[in-house]
Each structure stands twice: as C-alpha cells, then as structure tokens.
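Below, subunit A partners subunit B and then partners subunit C, in two separate complexes.
Coming up: the complex of A and B.
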C-alpha cells in the first residue's frame, strides 16, 4: 500500500510539470495547446540524443533541451499564433491551429527521430527504501528534479518582475497593456516557458519511461484531464489536478487490470464536470 | 443560375463521375470515403453552429459502427434496418451524454468531448462480450437486397459492382445529410442555433429553451456521425475499437473549419479537398503527413474563414445571411 502511495506521489509530481506548461499558455493567450504532448515528446527525443547518444552530462542535456524547446515555442508563437489570433473572427481558430501544429510537430518528429521507441538509462542507480516502500533512485531523482522545477516556476511567477507581468497578462490583457507591460513580448516569453516546461518533463521522464513519436496525443489527453480537474488557467489547479490523476492512476493500476482504469477516470471526469463545470479551482468558463 | 449550377453538380456527382470511374476502384474508393467523411463532418458543423467545439464525433461514429456490426452479425438484421438504427443509437447516446456535458463551453467542452472519444474506444475495448474487444467484429456481411412491397429497390451488393454500389450508398447518405443540415440551417431552428453561438444567456433571457436546442443540435450531429460509422463498418466489413479515434475526431473538426464554418457546404468542400489532397500526397511517403499539416496550417494563416470564403459573397449558396443585413433590408422594403 505504501508503494502505491509513493508511486502516486512521484507520478503526480511529474504530471504537475506537464500540466503547468499547458495551463500557463492557456492563461496567457486563451490557447488550448493541442501540441503540448508533441512538445513533451520532442523534449524526450532531444534529451535522448544529447544524453543517450552523444553522452553529454545529464544536467547539460536538460538545459539544452529547455533552450531548444523554448526556441520552438517562440517560433510557434511568432510565426503562427500571433497572426491567427489577430486575423481570425472566431475564437475556435487558435485551438484548431494548435491541432494543426500538433500534426506538423508529430510528422517532423517521425521524420527526424524515426518511429522506434527510445529510452535512456536512469541517471542514478540503486534503490531507496522509504516508509517500507521501494523507490528506484532514478525515479527519486526525477521526483526531486520535478519538485525543484515546479517550486522554481512558482517562485518565478510570484516574486520576479517578468513573473508579475505574466500574471498581470493572464488576469487582464488590456489592464496589463495600460500599465506598460509589453504584451507581445510577454506572450512570447510565456509561450517559450510553457514549451520549455513540456520539454523538460519529457526530458526527465525519458529516463523512466521511453518515448516514441506517437506518444504526443495520449500525453496531451492526460494534460487536458489534469487541467479539467483543477480548472484551466490556474497554476494551483494544474498542480492539484496532476496529483489527483497521479494517485488515481497509481491506485487504478494496482487494483484494476488494464485499460479499465482510464475508462473509469473518463467516466468519473464526465460526471464530475457536469457537477462542477469549471473544475475545482477554476473560474467559470476559464 | 444557382439551380442550374446545383443540377450540373448533382449530375456530375451522380452520373458522370461513377460512369468514368466504374472500373477504377481506387479512385472511386477515395471519393466514396470522402463522401462518407463529409457526412460525419456535416454533423460536427452543426455543433459549431451552436458555438461548441466538438471533438467527440469519433465516439458516435464508433457507436453507430458497432450498432450495425452487432445487429447484422449477432441479431441477423438486414443492413437497411441496422443503418437507421445505428444513427438513432448514436443520437440517443448523444442526447443522454449531451444533457450533462453541453453545460460546458469553450475549451472545457472541447476537452471533455476529446475525452469522450477516448472513453468510447476504451469501452469498446473492454466490453468484450458485446464488441469482441481488441479483435473487433469482422466478416460483417455486405448489404443485401432491399425490397419495398415486393419491388427490389436496392440490389444485393454482392451481385453488382460493389465499389459502385458503395459509391452510390455514400452519395445517397451525403445528400440526405446535406438536406437535413440545409433544412435546419435555413429554418427557425437554425436561427435559434446561431443565437446560442452568439450569446446563450441572452437567448435564454428572451425565452429560447437553450438546454433543449443544444441537445437537439448535438443529437442530430451524432445521428449523422452514427450513419457514417455504420457506412464504414459495412464498406470495410469490420470494426475495431481503434476504427474511430481522437485523430479522426480532430480531422472532422478541421475539415469543417477549413471548408468554412459560415457555409452549409463548408464541411463537404473541406473534406473533399483535404481528403483528396491527402491521397494525392501519397507518393511522398514519409513526407505525406508533413506536407499535409503544412497545407492545413497555411490555410489557417491565409484563409481564416475557410476555403469557401474565396468565392464572392453575393453568389454563396446557403450562406447564412448576417442578421443585421436582413433587418436592414426588411426595413428598406417597408420604407
């Protein structure tokens, strides 16, 4: 039983990293980034290449992955989303553009990295014993790194100047503009951070689970579940949703065989959302 | 002028194309698939009309597909009875689920319908007694003869050119779907649907039964999805949990959007042009998907209101007239 709780905790922390990037981009731009899972996969592959194939130190590979993904995010925002958000007459178009971008990323990943499942050896070896449960050191490392990143993200958003600007932008775009926030620049920065977070979670988890080019959509769906539980566009909600999903998954896989766990999660989600449409911590209609 | 053009298009679609392609099964198959996909996309278009982004159409196509598969193999029912029943089963499921999830809007509705597609796949995977699980239901018989008052209306598919028979079946279904959606879009109900898209609270405050109309739109949408699913089950003679998945649901939505959300023919144009161009890119092998996604993105960047917005507005068939313009014209006539 302790094992299941520990597993849930580790899974939840990893998921929090995935959900944070998605919810950040949603809060800033009102864009539900369908390509989030593909960014995660891209992060996993970049780390596989730098750490697994080229043999760079893991921390260096992690930084390089974050920078690469941030650059991809900036290109996405500048080249695609900025224009579509400006010219389109319907709010749906940004979401559909994200779906198109997801296709583009997935096919590019397939061409560049191939269709094989790729994984890297864990960064640390050995097993710790915590409260009678066994935790492989590799997973403990991923947990600690995720926790550091989540804490760093929250501190950044709370106490730094760019963080405050991003929060202002998320609360009220016009008011932020009137206060002298360079809205275009911070929208770009937000997109870069969101993409980098997706890439970092991919980079950390590739040491535990392998990645393949088709993993993007399932990861996006998991991220959507998390922000639906917690409420879209709310940082605390994303973290809460991530832990709920992590624990439910850990318990589900322990007690119920196979894919029935996710069937129950989905059914539970539909019932939950019909009772509380905006999630636990969300504002009505995001 | 418009009637002549429509008649010409109908003749080309129903007579010229099948006559030319009767012995080219691949090309005929592409057009057949495009017709049936258009039918399913028509439904999604209707939910766009009430202002909901529906990524759950794959789920209802799956419901329709399994209904036909189970009814024709296990209950031994004729395909011609199973087909409408599949549409109705999907519509009933949609009404039941829609009653609660249609309270959601915007991205929440998009995300929950996306989850719904995944839920239905997992349900089909796990309800082994009914659906056969991962192995699906195979060797489903092709549609047999249908007779009305002793008169054979449709010949047994096994006794004629099957590719041609399925072409006509998909064409008939598409025409039915277009007729239904066209009728709705140009009726009072169509205008009520558009009022939901603009502002649900306002619509409710002037006495529109919002809950009822959005469930109707969702049920009709899923009815068309169910028919499409039933068609594919019959034409491929098999169905699996993965027959309609999240990517399919996303494509249905993209077809509508790229064709043009303001036009009844939007989903048809979008599906035909995109699906056929995807098939044409077949020779590019691994670059097929890449080029295709670039085409989709380019369309969104430079034609944000869909392919049909290329035509001059005055000649648009079935384009919903902006409410303000209609009011102005009415006032002008009175003056």
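Coming up: the complex of A and C.
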C-alpha cells in the first residue's frame, strides 16, 4: 500500500506540471490547446540534445528548454492564434487551429528528431526506501523539482504584477482592458508561460521516462482529463485533477487489472461530467 | 563577315543538333531501363512510427545499393528499383486506402508491410482482389493459412520464439514461474495469450497474466508494482514496443525485482542503453536477425548504407532487410511473368532457396512456416535470441522456425 501511495503522489505531481500550462492558456484565451502534448515532447527533445547529447549541465538545459518553448509559444500565439481569434468568433476555429498545430508539430518533431525513443543519463542515481516503498532518486528529484515549479508558478500568479494582470485577463477580458491591461501583450506572455511549462515538464520527465515523437497525443488526452476533473481554466483545479488522476491510476493499476483501470476512469469521467460539467473547481458560467 | 556569321550559325546549329541527339540518346537509354515498383505500407508516424520507418529505410537503403549496381536483373533485363512508401498511421482505414493507392494507382504488385494484425487483416481483400503479394509483420496465423495465400510473414512470430526462449531459460536458468505484462492493444494481447499457452504447455507456473498498460503510458511504476509483487522467476513483456521496454525494465528493477525479464519482439540496443542503462543487463529478446557476431560483409555494407539513409542503425533492420531481398530473388527465379502475375511468384515459393547473403556462416534462406500455416508463407529469417549486456546485444543462441 505504501508503494501505491508514493506512486500516486509522484504521478500526481508530474501530471500537475503538465496540466498547469494547458489550463493557463485556456483561462487566458479560451483556447483548448491540443498541441500541449507536442510541446511537452518538444521540451523533452530539446533537453535530450542539450543535456544528453551536448552534455550541458542539467539546470542550464532546463532553463534553455523553458526559453525555447516560450519562444515557440510566442510564435504560435502571434502567428496563428492571435489572428484567428481576431477574425473569427466561432470557438471551433481556434480548436481546429490547435488540432492542426498539434499535427504540424508532431510531424515536424518526427522529421527533425526521428522515430526513436530518446533518454538521457539520470540526474540522480540510486533508490531510497521510504516507509517500505521504493523511491528511485531520479523520481524523487523530479517530484521535488515539479513541486518547486508548481509553487513558483502559484506565487508568480499571486504576487507579481504580470501574474495579477494574467489573472485579471483570465477572469474578465473586457474589464482587464478597461483597467489598462495590455491584453495582447499578456495573452502572448500567457501563451509563452503555458508553453514553457509544457516544455519544462517534458524536460524534467525525459530524465525518468524518456521521450519519443508519438507521445504528444496521449499526454494531451491525460492533460485534458485532468483539467476536466478540476475545472478548465482554474489553476487549483488543474492541480487537483492531476492528483486525482495520479492516485486513481496508481490504485487502479495495483488493485485491478490494467485494461479495466482506464475503462473505469473514462466511465467515471463521463458520469462525473454529466453531473458536474464544469469540474470540481470550475464555475458553471465559465 | 557574312561568312563568319554563317559559320557561327552552322556551328551553333551543329552544337544544338549534337545536344539534341545526345539528349535523345540519353533519354532513350533511360527509357530502356524499366522500373520495378515496390510498395512499403506501414505505420510511420505516432508512437509506433519506428516499426514502419525501419521497413521503409531498409527498402530504400537496399534499393539505392541495387540501383547503383545498375539495377536488378530479371529474365535478362535490369530493373531500377523504386520504393513507394505510404504511412498508414496504424489505422486500418488508412491502410486500406494506402493499399488501394499502391495496387491500383501505382501498379505495385509487391508490398512490404503492414506492421500489425489489424492493418494487415484490413488490406487482405485489396491484396487478393488486385492480385498482389505482401509481407506483413503481423503474427495472426489466419493471414498466412489457406485459403489465404498472398501474404508472407516477414519475421519470427512471438508464438514461435516464446517457447524456445522459455525452454532455454527453464533448462539454463532454472526458471519455474512466470508473469506476463502487455500493452492494452490487440497484437500485444494476442501475443500474451499465445505466450501463456506456450508457458503452460512447458509446465511453467503462471503467477499473473492480466496486467496491461495503456498505449502512451510513460510511468510504469504503478502497473509494474503489481507484477513485481508476484515475485516470478521471469517477467515476459509481451509484444512490447522498443519505446516501452526500457521503461518497464527500469521500473521493475527500481522496484527491487531481481529475476529475469524477456520479450519475443525485437528491441533496440541504443534505446535500452539510453533509457535503462545497466538496469537492462540480462534482458533477453529476439534480436534483429543480424547481430555483429553473425554478420556477413554484405550485411556490413548494408548497415553502412542504412546509417546513411536513416541516420543511425536500428537492430530491427537486421530482420527487415530480408523482405526486399526475398521478393527480388524470388522474382529472379520466377521470371519476368511474375512481375505482373503473382501466381508465378507463388509457384516459385516452395522450391525457392538461396544462400543467406547476410550471414557469415553458410546457411540456406528459404520460405518456411508450413508447420504453423499449412503452407510456406514465412521468410526463414534466423531466430536470433539476444541478451543485453553493457550497452549492446550479445547473441545467446541462433535457432530457426523449423527447429
């Protein structure tokens, strides 16, 4: 049982980092970014080359990955989403654009980085025994780093000027505009942060799970499950949803055969959404 | 001046005429060389992209080498080999559309692929109706057994390798109990069921076989915790993809598992080394059929070319190199009629044999599989069983489907 709880905790924290970027972009722009998983994969590959192939220190590779993915996010927002959101008021336009971007990114990643799974040397080696459960040092490191990043993100959103502007934008775009918030600029910053978070989760998790070009869609699906559970566009909801999914997976895989676990997760999700479509922490009015 | 102009004009006309004549002659020479189109149909994007891309890179590398030698001779005429590759995205609908394009639009009669049971089964009607032959990497016996006769298995199936590996481990490592884990998809689940049957027949105690994981899983700790808790002598990773194997191995070892791990599918040493490192030492898998220990010079030349085409070597290519080789050599035996009529190709199959060009030792290469399918519908690639050690595969033993 100890092992199951530890597995759930680590899984939940990893998932939280993945879900945060997705929920941030949704909150700011109302865009369901289907390319989120592909941004995660891109982050993993950038770190693979910087840390695994070129041998840069891991922290430096992490920073460089965040900057690279932020730049990719800026390009996506400025070149694609800004224009489509300006000229089309239909929600499906941005959804189709996001789906197209996901395919474009996935194909580009396959062409540039190849079809093989890639892994990097572990940042930390060894296995700890915690309350009778095995915790590899690499996973403990990723857990701690993810926790720090999640905490840093919450503090940034809560106590900094750009963070407050982003929250204002997420809560009421019109009011934020009237209060003098540069909406275009902060939408771009939000997209950059969301993309950087996806890249950072890929960069951290490539050290324990490796990465391959086809991983994007399954990651996006899990991220969507998390934010649907917690409430799309709500930061605390994304974290909550991530831990729910992490623990359900950990307990499910341990106590019932694997194929039933995800079947139950999807049935549970359908039932849950039919009762509370806005998620645990979301508001019914959006 | 006028004379000079005339001379210049005459010279220009002469040069133009020479260029025209040379061009026509060159064109005629090119037109004389016929082209033999070979299709490659398989998954080349998404999580299983490596399976189909290896087929494509193998065919392209081999075709380049043949074309540089002037082409492939069939019935006294040399053919330039053209590879037409289509990504089926592991989707049966796309696979059918791809097969239709190959056979009807491109006029292809010989196709390498697809990679899994679902896509391979989906294109059977297309292949049969169009009178084509394909070499899938799917294990379903129905594809290769009568009344089917147009598909030829391109590798060793799990139900052929599994019993051989289990028996070896029982006799040499004292294995008595086994647990199975598989991806929740039709091919790996079939392979698990066949592995369980084979293990039961050999008298192994099955501790668990119901554990599965979803495609796209990255964290295998939760599912492996349950398997490791059984503490079997052997954990079989049924039908495991090269991307999942190192993560499963790593999770098992980090959870304190000390027993043996094996699979009946081909793996990649570099991926194992990068992702699992020393934790993968002792992992047993069916190898690409040409490990360094058994390679001929022809195989080494192919490896060099493959690296140029694909960027780096993939052990799986050691098995998949056989498909084009067998198609072309059988066509050579069957004669030019087989280029349009696959019945001629099928007639040549039972008697076909050649020296295996990829092995250092002198071995015969032929079509096998009669014991499994009731007819020879499998390429007789060597069954190489490898063990991973310190970043590379070592050959444990080499067997064959025919025992």
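By definition in this document, the second predicted complex is superposed on the first by the 283 of 286 C-alpha atoms of A that agree within 3 Å, B and C clash if a C-alpha of one lies under 4 Å from a C-alpha of the other, contacts with A are read in each partner's own complex, and residues count from 1 in each chain.
Definition applied: a contact is a pair of C-beta atoms (placed from the backbone, for glycine too) under 8 Å apart; a residue touches a chain by one contact, two chains touch by 3 or more.
Values in this document were obtained by computation on a predicted structure and should not be read as measured data.
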After the superposition on A, what does A:17 contact: first (subunit B), second (subunit C), both or neither? neither
Which of the two partners, first being subunit B and second being subunit C, lies in contact with A:119: first, second, both, or neither? second
State whether A:134 touches subunit B only (first), subunit C only (second), both chains, or neither. second
If we overlay the two complexes on their shared chain A, which of subunit B and subunit C does A:277 touch? Say first, second, both or neither. first
Using the touch definition from the top, say if A:106 reaches subunit B (first), subunit C (second), both or neither. both
Tell me the contact category for A:267 with respect to subunit B and subunit C: first, second, both or neither. first
Of the partners subunit B and subunit C, which touch A:259 in the superposed model: first, second, both, neither? both
Answer with first, second, both or neither: which of subunit B and subunit C does A:76 touch in the superposed model? neither
Go through the superposed model and pick first if A:149 touches only subunit B, second if only subunit C, both, or neither. neither
So which positions on subunit A get touched by both subunit B and subunit C? 106-107, 110, 217, 221, 258-259, 262
Where on subunit B does subunit A make contact in their complex? 48, 53, 97, 100-101, 103-108, 110-112, 114-116, 118-119, 122-123, 125-126, 246-247, 250, 253-254, 257, 261, 286-287, 289-290, 292-294, 296-297, 300-301, 304-305
Over in the complex, which subunit C residues touch subunit A? Could you list them? 44-50, 53, 184, 210-219, 221-223, 225-226, 242-243, 246-247, 254-256, 268, 270-271, 274-277, 310-312, 314
Over in the complex, which subunit A residues touch subunit C? Could you list them? 3-4, 7-8, 10-11, 14, 52, 106-107, 110, 114-122, 127, 134, 136, 139, 205, 209-210, 212-215, 217-219, 221-222, 249-250, 252-255, 257-259, 262
Which of the residues in subunit A come into contact with subunit B in the complex? 26, 32, 34, 80, 83-84, 87-93, 95-97, 99-101, 103-104, 106-108, 110-111, 217, 221, 224-225, 227-228, 232, 258-260, 262-263, 266-267, 269-271, 273-274, 277-278, 285-286
